[in-house]
Structure formats: structure tokens, C-alpha cells
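As written, the chain order gives the labels A, B, C, D, E and F, with residue 1 at the start of each chain.
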Amino acid sequence: MGKVVTLGEIMLRLSTQTGNRLVQSQSLQAHYGGGEANVGISLANYGHDVLFASKVPDTALGDAVFKHLQRYQVDTRFLLTGGPRLGTYYLEAGVGERAASVIYDRAGSSFAEMVMLEWDLADLFQDVTIFHISGITPALSENWRMMTLELMKQAKKAGCKISFDINYRGKLWTQKEAGETLKQLLPYVDYCSAGKLDAIYLLGIAEMQGNEQEEVSFYYRQMQQMFPNIQVFYSTKRNVQSASANQLIGTLWQENQYYQSQIHEITPIVDRVGAGDAFAAGILHGLLVEMPSQGTVDFATAASALKHTIHGDCNQFSKEEVMNFLAVGSGKIIR
Amino acid sequence: MGKVVTLGEIMLRLSTQTGNRLVQSQSLQAHYGGGEANVGISLANYGHDVLFASKVPDTALGDAVFKHLQRYQVDTRFLLTGGPRLGTYYLEAGVGERAASVIYDRAGSSFAEMVMLEWDLADLFQDVTIFHISGITPALSENWRMMTLELMKQAKKAGCKISFDINYRGKLWTQKEAGETLKQLLPYVDYCSAGKLDAIYLLGIAEMQGNEQEEVSFYYRQMQQMFPNIQVFYSTKRNVQSASANQLIGTLWQENQYYQSQIHEITPIVDRVGAGDAFAAGILHGLLVEMPSQGTVDFATAASALKHTIHGDCNQFSKEEVMNFLAVGSGKIIR
Amino acid sequence: MGKVVTLGEIMLRLSTQTGNRLVQSQSLQAHYGGGEANVGISLANYGHDVLFASKVPDTALGDAVFKHLQRYQVDTRFLLTGGPRLGTYYLEAGVGERAASVIYDRAGSSFAEMVMLEWDLADLFQDVTIFHISGITPALSENWRMMTLELMKQAKKAGCKISFDINYRGKLWTQKEAGETLKQLLPYVDYCSAGKLDAIYLLGIAEMQGNEQEEVSFYYRQMQQMFPNIQVFYSTKRNVQSASANQLIGTLWQENQYYQSQIHEITPIVDRVGAGDAFAAGILHGLLVEMPSQGTVDFATAASALKHTIHGDCNQFSKEEVMNFLAVGSGKIIR
Amino acid sequence: MGKVVTLGEIMLRLSTQTGNRLVQSQSLQAHYGGGEANVGISLANYGHDVLFASKVPDTALGDAVFKHLQRYQVDTRFLLTGGPRLGTYYLEAGVGERAASVIYDRAGSSFAEMVMLEWDLADLFQDVTIFHISGITPALSENWRMMTLELMKQAKKAGCKISFDINYRGKLWTQKEAGETLKQLLPYVDYCSAGKLDAIYLLGIAEMQGNEQEEVSFYYRQMQQMFPNIQVFYSTKRNVQSASANQLIGTLWQENQYYQSQIHEITPIVDRVGAGDAFAAGILHGLLVEMPSQGTVDFATAASALKHTIHGDCNQFSKEEVMNFLAVGSGKIIR
Amino acid sequence: MGKVVTLGEIMLRLSTQTGNRLVQSQSLQAHYGGGEANVGISLANYGHDVLFASKVPDTALGDAVFKHLQRYQVDTRFLLTGGPRLGTYYLEAGVGERAASVIYDRAGSSFAEMVMLEWDLADLFQDVTIFHISGITPALSENWRMMTLELMKQAKKAGCKISFDINYRGKLWTQKEAGETLKQLLPYVDYCSAGKLDAIYLLGIAEMQGNEQEEVSFYYRQMQQMFPNIQVFYSTKRNVQSASANQLIGTLWQENQYYQSQIHEITPIVDRVGAGDAFAAGILHGLLVEMPSQGTVDFATAASALKHTIHGDCNQFSKEEVMNFLAVGSGKIIR
Amino acid sequence: MGKVVTLGEIMLRLSTQTGNRLVQSQSLQAHYGGGEANVGISLANYGHDVLFASKVPDTALGDAVFKHLQRYQVDTRFLLTGGPRLGTYYLEAGVGERAASVIYDRAGSSFAEMVMLEWDLADLFQDVTIFHISGITPALSENWRMMTLELMKQAKKAGCKISFDINYRGKLWTQKEAGETLKQLLPYVDYCSAGKLDAIYLLGIAEMQGNEQEEVSFYYRQMQQMFPNIQVFYSTKRNVQSASANQLIGTLWQENQYYQSQIHEITPIVDRVGAGDAFAAGILHGLLVEMPSQGTVDFATAASALKHTIHGDCNQFSKEEVMNFLAVGSGKIIR
């Protein structure tokens, strides 16, 4: 089993119950999550040693974040306390034709306001196999753009593989800003979650027409030519029939080859937040334990599909449960 | 924006949670609603000045009705208090193959027991663009049959357009009673929600076979020949796959032409009560702001589709949200 | 209307709410049920006199079992109190691709620990038309294997028809043990719920290939040749698309003929526990009131389909409601 | 154990959760109850044979009443179905200084609208030890005044003891109407629940000043002189500190002697609806099993005190639990 | 009835259910409130015309604020939309010995960030009897200090009485800052909510020893000498036995005389947030309708006591309900 | 900070909501806890390194136990998986005069069925300051009596202080069995939670009359004479007014002196399960950080008082929160 560090913001999500708009809700469900924390929890569930580094305020909300992570045995030694507030967002759950909608209230958070890397990086990266971070972090501030680069450099120096999930959010920065930053960061990256839209709009790769496999392979190949250091690309493709029904496919590019999972029919969707993180963690798990590529993408997509069936951001399944799900297939009662 | 008066009964709905029969329910959800109130709330959400006229008892239940309407800025100056009780009904929510079922307990309500028009009608109809009322009101009593006619006459005299939703309920009166009353009322009507069954069973129009568009156009045309004063007919057609999955189409007849919305696949259905009212309000909104006919029926059907995704009778969407839903399509996350 | 005795274990089921894993659940839903109790409640709902015989501890949990059964007018005179505990199981509800999963905690229950037939059997079986029991009971212990045989003999002697639901559970005994026991019990049985897998793996009938009807007819015919005393075989076939969507067909073999219900599309599934018991009770009802065979299998499958739409093990529908459901079809609102 | 008939109206109670006003409640708790039904359930819990006679509509609400009573093994053979509706009331739970408040919606119920005694009275009263009825029933209508008298006469003729709970409600009839009716009914009564206010305002007994025991004894004695047929008077006295804290004392007049229970400090009050019925049932149980007078009033008051600690109208305690509560005292954990 | 303007921040409160710490809460109750909004709602409930002026973001949370106020017929014409976010706070409800605790997350809100008075003040204050504002508003920023002063000047000029609730919060500004600001503002104030601690620590009045009445009178008199323009002082005094039990007394200083309400024993406390606002609104109501001073303080304290018995910030009682509560006394059932 | 090992059984508690009997509960709250686990969690909250040793089944329920403990950073390396089941108990919450009641369903659990010490004891006790265990463990079986003795011997040998909570449960073993076992175990104990009843009924110390302090001192002194190795005795005394209101005092005997906390008035009681464990953990914390004796008993009793205000077995307070509670006193709002 490997040792993994994930670093990023973790937020409080306040969500409505299905069938109620935010405006009519007298109670809200409270979940704690963030891309890197979610990846960390999945990997801890699979038996890896995981450290999550971030910063939360010294309040009951910060304390709740600690307890949330510890519950899954994620190491919180590098989870700092201090700063003004915990980033928050409101999720009005979608259903059927009505899409979910999100209100962000994350500005000014303890993590976003950081101006220096307050961790002992030598200590943080010691003996670490993979360092995982996402494109949301450099999007938070100018400081974080520089600090993200510094983190990657230090991690690299310490011998970590760098895993990076582009995860572009138009509400946080422009495509231009993102593109420029990516060009600085991607030379340090070993494993990269990126999709067609990232290739076209952030990295400036010309659009290409073809079938699913041809297109995805094309973009992966182009990106790899731009950043030959990147050994692995991966992504999910989601066919949205409605907010309650999606088709999900996972794709992986490894050793110059394209791999694709089966199609998962996901209906009803209980909660899709964190499904991408579950996929990323599945890929990293496959890399850590050196599964074959096809097995890796199958495992990761299965983990992502399972995530859709439970409330909350984080994937509450062991690797045995994911494997069993792959073996048994869909929806049979187990008794 | 226009000024609209809607008038009718408003009731307390007590409903079970999905998956529980009434007989096994230890708690019931309380919603306040009625066709005309629901239309009023939708129109208020779209920015129109709306007055709702009705009568509720002088109890906490009556007070709850006031607060429910005021929340959406519906004007309650013509909402009277007094009389014996608030009409009530129990809704056992359906799911899958099991249909919803309703127990009415509406007899003897403060509204149904009214024997004279207690409002100052000149004041009520002053500067009003549309007066909206439904076929449920004349079905409540002999008195209400006469009073409905009187209301239409007075509204007409005051210069209002009359909007009428036939909304035939076999539990309240016979087809014969309804047919006779309709023949008295429809000559005053400008905009009419009516369907094929109304045409055949209430107005005695001979049945005709054809495809969907041919049939609907035929009945609309026939009805218009009977009541040339009616400028607009509209209706929804619902293809019921199960209590949890319906297809919904809206149709509109305006200036001798037939318009039809796209098909909405509505699954799962959260709560279909009030979906017809959401459609009617959408049509009236289109008329008030002089949208093109196709835009009107698209808007109205989209509003109705959205209504199915939320709990409660009334449509909690602004016109911007409905328009955005039409533009973006189905179920994408908005963040 | 007939008089029926059902006998077996009744347990407390503790289940999660849809979308939550057991490990993340702060509250659990409590339901009481067991195959024979569920059959008894359905038959009582249809107007038959039903006695349920079992044993529960002398605690509030035992008391809750009494009250649960009495609510449906099941006679509890032969429900004994005493012994160590109430059998329990935990159900993590499935949804979409994720199957439900069960944790049994039923060992050592008051019923399972019984070592003698503590009832006055002459009294129990007096004037009884049908005695219903399932294959779970002999699976509980060596004692229960003998006691089941004894019960059947005594019931037979008292003039009862014997109804037996094979209901094989691999967690309770081996196929070999089950097969040997069945060979002792089935010669006393008149009505038998059994499927293809029972035929092959428990009774050693050679596998056969054909279409659905050919296969099912073949196994029924083979079983009837082995046990010519059995007049009626019946079973449901479930096509599992996901934990939320199943197709359900009921089959019946009576007077050497195969009958099959329509296909029910069951989506969403609210709670499938007890759906087989609802089917069995429907068949027994058909036999008790001497419905035609096709009507019987239609009724039973409809009852089973309805069961999927409600929470809890027991079917909360009257025979009029089931008949009305068959007549009206799927999902129309009743108001 | 005795055989008891109770007869009266049973209603649906819709109540808020503590700390919410009716006007702000999105869900309401549903309980079924009525004085005579509550007394019947308590007596059934104590092991007596109890028949409850009433009339409920032929709807799911009526069905729920049946199942509610059957759960406690109350015999529902004389519970008729039919008529327009189930009487309903809304209870806004009180707390602290804020009193509970009630909205009645009981007019026009299936029971209140009865115009003839639809039961076979000879069958109803056969072998019955006690017939229990309350002053609410004759308050419902002119018809019910006559029918109550007739019931008492027939019950008397059949050899029953007549138990009557005056239970005066000013919202249903005037003191004058009640007084006149009582004078007709009380000559048939054997056991009577009546208090000081009944004596003064309904029966015209002059007010008297003294300590608690002197006053209560005086009124009981005066009433007994007026109606020497009445052998037993009983009542509770409630010292209301707040809606959450009451002191409760039970009093009993038997064989010309006054008995009084200890004082129960009831805080917090979970639900006081049905506490008087629990007391009445306790007294009747004492009479049925011939407890000593002091034991009877202690038992009845303890039962009433326990009722305050649970949600719902009916007392969910066995006689062993009440006795144990008397023996052990207050609030110790039992493990 | 008067016309009143209240102006201030309104926030989203997210609170735990009693008996759960924030850290263990999977759901939170959502309430909208703020001192000035709460005062406005109470006054609207009492029949006054009330305008609430503030600024909320243009999101579903802002929309919820509108609907919350409109429900009580508070006029929202001067409720602006725009700016970054809605102020939020988390309330961990206290119980027994454990105090409630609050986490503020209000910095950077749309209201706090205002830098100019965006309302048309002439329009806002036209025909207004009372303008109510609190000391929280000038505590929000330097800008708000100046803008508060400007508001008071303009309101004064327009002929309004100025009502001011000092409401000092040590987390928002220092005593020194508050004291200096108060000295600028109080010369414009007519009605002032202020207590002993305000007098000593903010206004520098020397401490004095005496009984309750002597002390309070002393400080009121001293403050009036400093600001002879202030005609009315008022305050509540709370004797905290525990988080679940308080004694509450209201005091009023009017025309040089001290008035005091009865003592309210408030136990259990459902929710004390907004109890001070309910008191202030009661006082303003007394002034608007010219109640006698003793009646005013009794009414205001009763309203405040009632507020403690319900969930949410705002007082959901009509003036008739408050008067009836004063008349009837504590906790009797009303039926 | 110290290193502590606690060892014992951990169970699933299923409890009703206040005001509902078990028999009427459709849902139950799930909490995981046990005396030694609860002590461990408190100590981890206070910053100590805590290992909890036990055995749970390899099911989702066992997994939930792991996650529950990890949440509070209790080390689960010595938490074994395997065996038949998780011990369970049902708690019907008491309120007011009605006591709570418990149904145990703990027999045959994975922990109780252990027949050998499956841990590496040298590893378990390495560098451990305190080993804490309770009298429930030797009560579980003959094997556990021997294994408890062996654990104490090994811990002693490894240099641990032995902490023992007598915690006598009459449902698990007789006084005679307990007494004999205690005489074997207590010679190894350093810190002992024991009360007057333990002294008299288990250790055979003659009863003595005196005031509270005299009595408690007498028994502590006598026990210390019997087991001079025991340096510290401690206990809580609970004055039960009702299930909702208790007075709580903590007592401590250290260096031949008696210390007593202030009296805590605990009303309402949210959940008293685990309050004794919170007290024990408070004492152990005082010993570990060498607080003065009076400070220790004050801290421990405050922690126990706080525990009563929250749902669940384990004390969710940091040492700073307990200290602050002691400093600030009761029930003031903190904002």
C-alpha cells in the first residue's frame, strides 16, 4: 500500500432534500468535502496511508472537518487551524429535468486566504508515493498560483509522483488565467485528470471530430505530446439524460493506449457530488497497486458509479466492495 | 406587467411521504393550495400584480393561507375570513405502478358555503387585465353557479379578459349539470383551458379520430365555433407511464392555429398537484406579455414540467428560471 | 372465506433510508416481519381468518410483534412468549446499481431455539383450511427439521391443505441438507412455491433449455412427477435491471397447465422485502375463494407488484384494492 | 377479567411538534383517538375484553381507525363504516407559558350525523359487565341525546353497569342543555366521572368553601344524594403550573368514602391528551378486578401520569407496568 | 396604526437540534432573521404598515429573505439585491447547564459592504411614524457609522421618531468605538433600548448599588440627563438559571417613571433568539397605539415570553393573542 | 499527555425518541458505545494517546464501530474483527416520572465469546501509563474472568497503572460471583470507581449511617484498608428527581482525603448513558496531568454534567470546553 498526500480546500456543503428548492427548505443537510479530501478518503478506505493537508478555522466547523477525515483514518497532522472561516456552498439538489444548482459562499476562507506554505514540506512529503492536488487550488488566488507551483516542485524533489486534476471552474478564474497557469504546472505532473474541453479551451488544442474513442485518444495523445512527462491521463464522460439519470463511462490513457470502462446506467442519482473524485481515487489506487490498465479504469468507474448511490461527498466503499460490485453486477440483493 | 384577479377555493392538503400509505403514516405533510391560488402565485412570481379572492375561516389554518399567499406577494385584501372551516383533502402519494389516491373532505367549507358575493366587485375588478376562475367553483353549489355567472358579467363589464379553466371533477357534479352551466358561462370567456374529454362529454361535440394534432385541433376549432368569443384554448396532454413517470405535452390554439410544445419526460415525479395550474399560469403570462404563440406554449409547458420536480402545489420559479430551463435543457448541473 | 394457519419466525428488521449506507446511518427504520407472518397479514387483509403461530421474547420487542399482527386482525392466540431474544436483521437499502445488503443477526432467537412443539396442535389446526409454512423453518435447527415434519403430519391429519414455500437460504443450510429435508416434507405438501433453481439444485432435476414458458413448465411438471400430491406450483420471476427497477412476472401451474401474469415494470422499487410473500398470499387467496387460475396468478402478481411500492414487509392492500389496480392499470391518479 | 363496551366518536388529531405554531408547521403528526376509544384501549391493555362501537367513513382514514384499535385487541365488530367524514381536530402543542390550542373540525362526521342506533343492541350488550359512554356523545345532536338515553336503558336492561364521564365541552352545547340532559341520563348511571364545576354549573349544586378534600367530598356527596344509583364518583384535579408542568391528583368516592392519590409532579408533559381517559380506565379496571378503593385511585392516577409521558391519545402500558411504576417510584433507570 | 421603517442586516441562521452539538449534526435548521427585521415582523403582525430596508445577494438565499418577510406582509420595496453574500451564523442550541454557542460568519455580507445609502431616503421616510435601527449597524464598518448618523438625520428631518436599540456586541467593535459613536447618535434618538451595562461601559455612568428598581431607575435617569431628547428607555432583565430556564422581567422608563412587568418563568426555552426584538416591538407597539405605560411593558414582556416558546427568530403572534395570553395566564389548554 | 489503553465490549445502542415507547417507534436512533470505549474517547478528546482494544464482527456494524472510534482519534490497531455478532441493546428513553428501560440483546457477541487473549499484550501495553477496564468484562463469561485477571497481571508487569470501574450489573452475574472475582482483581488495581453499594454488597463491608460525606469517606477508607494498593477511589452520586431531572455530585478519595464537587442540577436530561464514563475519564485525565484533587473532581463532574446534555454515549467536549464550562457557569449564551 502506498503513502499519499492530498492537499486542497475542504468546505461545508449545505444541501436541500430532493424535491425541495432552497427557498422552501426549513432544514439543510450538512456534509464536509472537497475534491482532494474526497480523493484522500477513498484512498484511505482502500488501505493506503493518506495525509490531508489544508487549513480550517478554529471553530466547531473546523473541528467537524477533523472528525470527518479521522473517521476514515485520514491523517490530519497537516490539517492546520486558524484563519477567518470555512468555505461554504449551498446545493439545491436537482431531480428529473430540473438541474441541481449551486450557490458558492467560499470567498475569504481560511484556506483561500493563505499567503505562505505553512507546512514543513520536507516532513509533509517524506516517503510519499503520490502527491495529489487539483486545479481549484491555483484558482483561489495569485498566492495560491505560486504556492501550487512551489508545492509541486518540492514534492517532485522529495521523489513523489504528482497527480493533478485540472477541474476547471469558470466561476473562479478565466480560461486564459487557467491556461497560463497550467502551462507552468503540467511539466511537473505525472498523472493528470483532463478532458476534451480542457484540451481545447485551456491548452489550445485544435478541435477534432470522430467517434468517442477517436476523439478522446486524440486529445490525450496531443496533451501527452505537449507534456511528455505525463504518463497517465484519465477522465469520465457523462451522458446526462436528466438530473436523475446519467450514463457514465471512464477512460484512461496509459502507455500510449486508450482504455474504456463499461457504461454504467446511473438511475436514480442519489448524490453526484464527489463522483469525479471517486473516479480519480480509483485510478490512483490502480496505479499504486499496479493493477492492469483495463482493471484500473473498470475499478475507478465502478467506484464512481457507487458514489452516485449515497449521500455525501465521500465514497464509503472498501476496495473489496468495489471489486465485488464489478464481479456481481447490478442491483442483486446480497443476503 | 398586468394586473390579475384569481378567485376560487383554497384548501389544506395533507399528504403522505412517498412509499407510505395513508393508513401507515404517523405524519402528514401540510400544503395549502387550490387551482386559482396556484395560478395567482405563479403569475406573482412572474412579476404581475395578483389579487386572490376567496374566503377562509378565522383560525390558524385561515391565517396560514394568508401567510402562504403573502409569501409570494399575492395581494390578500380580498381574501375574506369567516365561515365554518377550511376545505381539506388527503393525498396518498403514488409511486411506480401504484396511483396516488385522494380523500376529499371539502364539503361545508367557508368558501363553498358562501351565498352571496361578499366582495366589492367594482373595487375588485378595477384596472384588472385578466380575471381567472375555474369550473370547480360553479360545481360547489347552486349558489356558486349563479355567483360565477355574476362574477363573469361584472368582470366583463369592468373590462377584464375572462380566463376560465373547465377543470371538470366528476365527484362534484354530473356531466349534465356541468354542461348546462358551461353553456351559460362560456359566452363570457376569452381564454379557456379545455380538453378533448370536455369537448365530447360536456359540450356534446362528436368524437373524431386522427393523430394527436388533428384531434386536438378539431376539438379546439369546434369549441371555438360554438363560442366564437373564446380567443385562446389551451391544455396539457399527459401520457401516464406510471405514477412516477409521465410524458407531458402542452397545446395551444390561438388565432386559428395549433401550437405544441416539445415532449417533456418527467421522471421521477416529485409532486404533480398544481402542474396544470402552472401550465395555465404560463399561458396567461404569455398572453399578458404578448409572447409569440410558440414561445407561450413552450414557456407554459416548461413551467408545468418544473412544477413536477418540487413538493407543494405552487410553482416556485421565476420567469427567468423558466426561460433558462428552456434554454439550457435538462438536468445539467449549474455551478 | 377460509381459515388459515401460518407458522414461522418473525423478526425485527432495521433498515437504512435510501441513499445511506448502514455505516453512516444515525437512525434506522424498524419493521417487524417474516415470510409466514407476511402471508398471514395479506390473507387477513383479504378477509380470511388467520392464525399466526410463533414464539417471541417477553419484552417490548415481543409486544411490538403482537401489536403489529393484531393491527391486521391476525389472531395471536398461538403466538407464544418466552425464550432469549427476537431474531433481527439489518437491511442496507439498495438503489440503482448498488444492491441492497443484509446482515443477519437471527441466531439464538426464541423461535429458533424451540425444541418442542409447544402448541396444542389439535386446537391449532381445528377447522383450518390451509396450513402455510416455509423452508426457512426446517433450516433453523435439527429440531426444527423434525418439528416441521411433525407439524405437516398433524396438519394433514386434521384435514388441512399444506402450503409450503421452499424459500431456500444458503446462509442457513447446505443444498444437500435442504434437499434431503425437502424429500421428507414435500410428500405432505399440496401447494408449493418453488422455482427453477430449487428444482435443479435441491431436487436434482436435470437442467433444460428453452424459452421462459417451456423451462418453467418443464420444472413444474418434473416436480409434480416426483411429488404427485402437489396440486399447485407457483413462483415469481424477477428480471433485475437494478436495485431500483425490476420486471416481475408470476407463474402458476395448476391442473397440469401453465399460467403466467402480465409483466409488471416496477420502478422505482420502494421496498422489495415481502414481495414474494405477497405473491404467495395472492395465490392462496385465489385457491381459497376458487378463482380461475389465470385470475389467481394475475391477482397474486398484482399484489406482489403493489407491495414493492410501500415501506415495510407486509402488504397493506385489501382485495378490492388489488382488483381495482388490475382493472385500472398503472399510475393514474384516483380522485 | 371483564367484558366492556365503550361507545363514542373517534377522531383524527393533527398536531404540531413542540415549539412550532400551526401556522409555521410543514408537517403534522397524525393520531387517532377519542375518549371512549382511549378508555377501551387502556382496558384492553389490562387484559379485559373490550368492544368499541362507533361509526367511521369508508375511506383510508376509517381503515386507519380500525387498525389503530385492533392493534390493541379492541374488538371492532361494532365499528360501523359509512357516512360523510371522520371528525378531525388540530392541536397546536403548548409549551411553557404558552398554552396548547385546539381547532375543532368535527362537525358533520359519520358518527355525529347518525340518526338511529344502527347496532344490534342485544348483541352489543350481551354478557357485558360495563358499558362506558361520555357526555360528548349526547352533546353532538338532538338525535344523540335521545340515542344516548336509549343506549343506557338497553344496556341497563341487559344487565350492564353504566359508566359515564360527564366531560362537559362548552363548544358543543350550553350548560342548560347539558344540565337537562344529565338529569335524564344520570339516573341510569353506576359509575360517574364528575368534578366540582359539573356539580355547580350543570347540576346546580350550591358552591361550598373548604379544603380540597372537604370540597370534593361535599360535591360527591351532594351528587350522590341527587342520584343515589351512582355508586362511584371519580375525577382528577390538575394544578397547572405551565403547559409543560402540572401537578396531578386523582380522587375517588366509593362506599361513602373519599380517597385520594399521591401528587404526581408531571414535568415535562409530552402529551396530555387522553390523560383523563387513562384515569377513567384505571378506575374501571379497579372496579372490574375489585381492587381496594385506595389501590384503585392510586392505580388510575399512576396510569394517567404515565400517559402524559408519551405521544398519542392512548395509554400504552400494561397493568404490570403501571403496578411496577407505583412500586418503584419515579424516573429510576430499569436495566 | 402607524407606519414604521426598520433597517439593518438580516442573516441566515443555521442551528442544531436540541441535544446535538454542531460537530455531530447531519442536518441544520435554517431560519432568516436579524434584530430590525424581527422587530418589523412583530409590528406587521400587530397591524402596522412596516417597511424593512436592507440589502441581500441576488441568489436563492436573498430570495428566501424576501419571501420570509413578505409572508408577514412586511413591505420589501426597499430591500435591495446585490453584493457578495448573505451574512450567516451557526447556533449550537444550549440545553440545561450547557450554554448555546454561536459561530459568526457574517463578515463581507452584501449589507455590511455597503458604502453608500442606496435608497431614496425621501421616499423611504415619507409619512413614517417611527424609524427603528440598532447599534449593530454602525458596528459593521466605518462607512456604516457615518451612514447610520446620516439615516437618523434624514429620518428626523422627515418627521420620524427615532427608535434605537443599543444592542452592543463585543465581537464587532470595542467599547470605546461604541461609546464614541453612541454619543453622536443618541442626540437624535427618541426611544432607546439600553441596559445597565450599556450605561456603565459605553456611556461611562458611574456604577450604583441598590435593589433592582433603584438601579434600573438610576441608570435610566442618568442616561436621560445625558440625552434629554430620549423620551423612553426600555430593557429586559434575564435571570439565567440554565439554558433551558430563565426568568424574564421587562422594564420601561417613560415620563420620568419606572414601570416593570410581572416575572415570567420561562421553562423550557424553545428558542431565545429574537426575544429581545419581540420585547422592543412590543414597546414600539404600545407607543404607536398609545397604550398606558404599564400596559405597554406588560404587553412587550408577554410578547417576549411567548417568543421563547417557538422556533425561529420572529414572533408569530397577533396582538390579540398576546393580549389573551396576558389575560388568561399561563399554560391552560384552550379548547 | 499520557498513553492509555481501554479494553472492553462496545455495543450498538438502538434508542427511541423522547416521548415514544419502543413498541410505538417506527425509527430508532443508532449509537455505538460501551464504558471503556466511552472513557477512551473522552481521553482522546482531552489530547491523550488512546488505544481501544476489543473485538467486533466483520460486518458493516463492526466497520461502524471502527469509524466511530477513529472519528475521535482513538487508535483502533487493537480492535479485532471476527466472531458472530455485535452486542446490542434497546433503550426506551425515559421522561419525567417514567423511567428509561433497557432490553439487552448482548449475549453471544464477538467480544463476549472470546476464549483467549488474541492481542500481543507486550505490544498492547508498551509505554502505556494507564490501563482501564471495567467489571462488565469479567461478568461476561468464566473465560473473561480469567482473562481479565491475566490482563491486569500483564499490564502491571508492563508498568501500567490499572484503572478499574466496578460497574456491577445484576443482570450479568450474581453478587457472590462478582464479590469473589473482585477479591482476585482488586489487588492489582490503582484507581477504582466504586460506590457504597459495591462496598456493602460485593465487598461485604458493614453498613454505616452518617451524612453524605461521612458515609462515602467511611466506605472509601474501608475499601482502601482491604486493598491498600488502591490509591484513588471515585464515584458519582445521583439524586434522581425524575428521568428528566437529576442532581449530580462527584466524589474522590485521594491521599486519604475526601473531595466533593459542587452539585449540578441537570434538567432536562438529554441522554444520561455514558455520564459515568465521562466522570471516570475526567478523573483519569486529572491523574494523568496531575491536577490537584479538588480540580480533578470538579473537572470530572463538569464533564459528566455536560455529557447529559447531548445525544449519544460519548462525551464530545474538549478539555478547554470543560474548563470554560467550570469557569463561566451555567447556561449563559456564548456569542
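Some points to look at:
To be clear about the criterion, a residue touches a chain if its C-beta (ideal position, glycine included) is under 8 Å from a C-beta of that chain, and two chains touch if they have at least 3 such contacts.
Keep in mind that this is a model prediction, so the values were computed, not measured.
Listed by label, the chains touching chain B and chain D alike are C, E.
To overlay chain C on chain F by their CA atoms, one rotates by 180 degrees, a value rounded to a multiple of 5.
When the C-beta contacts at E-F and at C-D are tallied, the pair with the greater total is E-F. Repeated interface: A-F and one of C-F, C-D or B-D share more than half of their contact pairs by residue number, and that pair is C-D.
Using the average of C-alpha coordinates as each chain's centre, F ends up farthest from chain B. When chain centres are set by their Cα atoms, the one at the greatest distance from chain C is E.
Centroid to centroid, with C-alpha atoms defining each point, chain B and chain C lie 46 Å apart. Taking the mean of the C-alpha atoms as each chain's centre, chain B and chain E sit 42 Å apart. Centre-to-centre separation of chain C and chain E, using mean CA positions: 63 Å. Touching of two or more other chains is recorded for residues 21, 23, 26, 67, 101, 268 of chain E. Applying the touch definition to all chain combinations yields A-B, A-C, A-E, A-F, B-C, B-D, B-E, C-D, C-F, D-E, D-F, E-F. Note for the complex: chain E touches chain B at residues 67-68, 70-73.
Contact residues on chain C toward chain B in their complex (touch as defined above): 264-271, 305-306, 308-312, 316, 325, 328, 330-335. Touching chain D in their complex are the following residues of chain F: 18-21, 23-24, 94-102, 104, 169, 171, 240-245, 268, 272.
The touching residues of chain F, when paired with chain C in their complex, are 14, 21-23, 25-30, 59-61, 63-64, 67, 84-86, 88, 90, 92, 101, 103, 105, 107-108.
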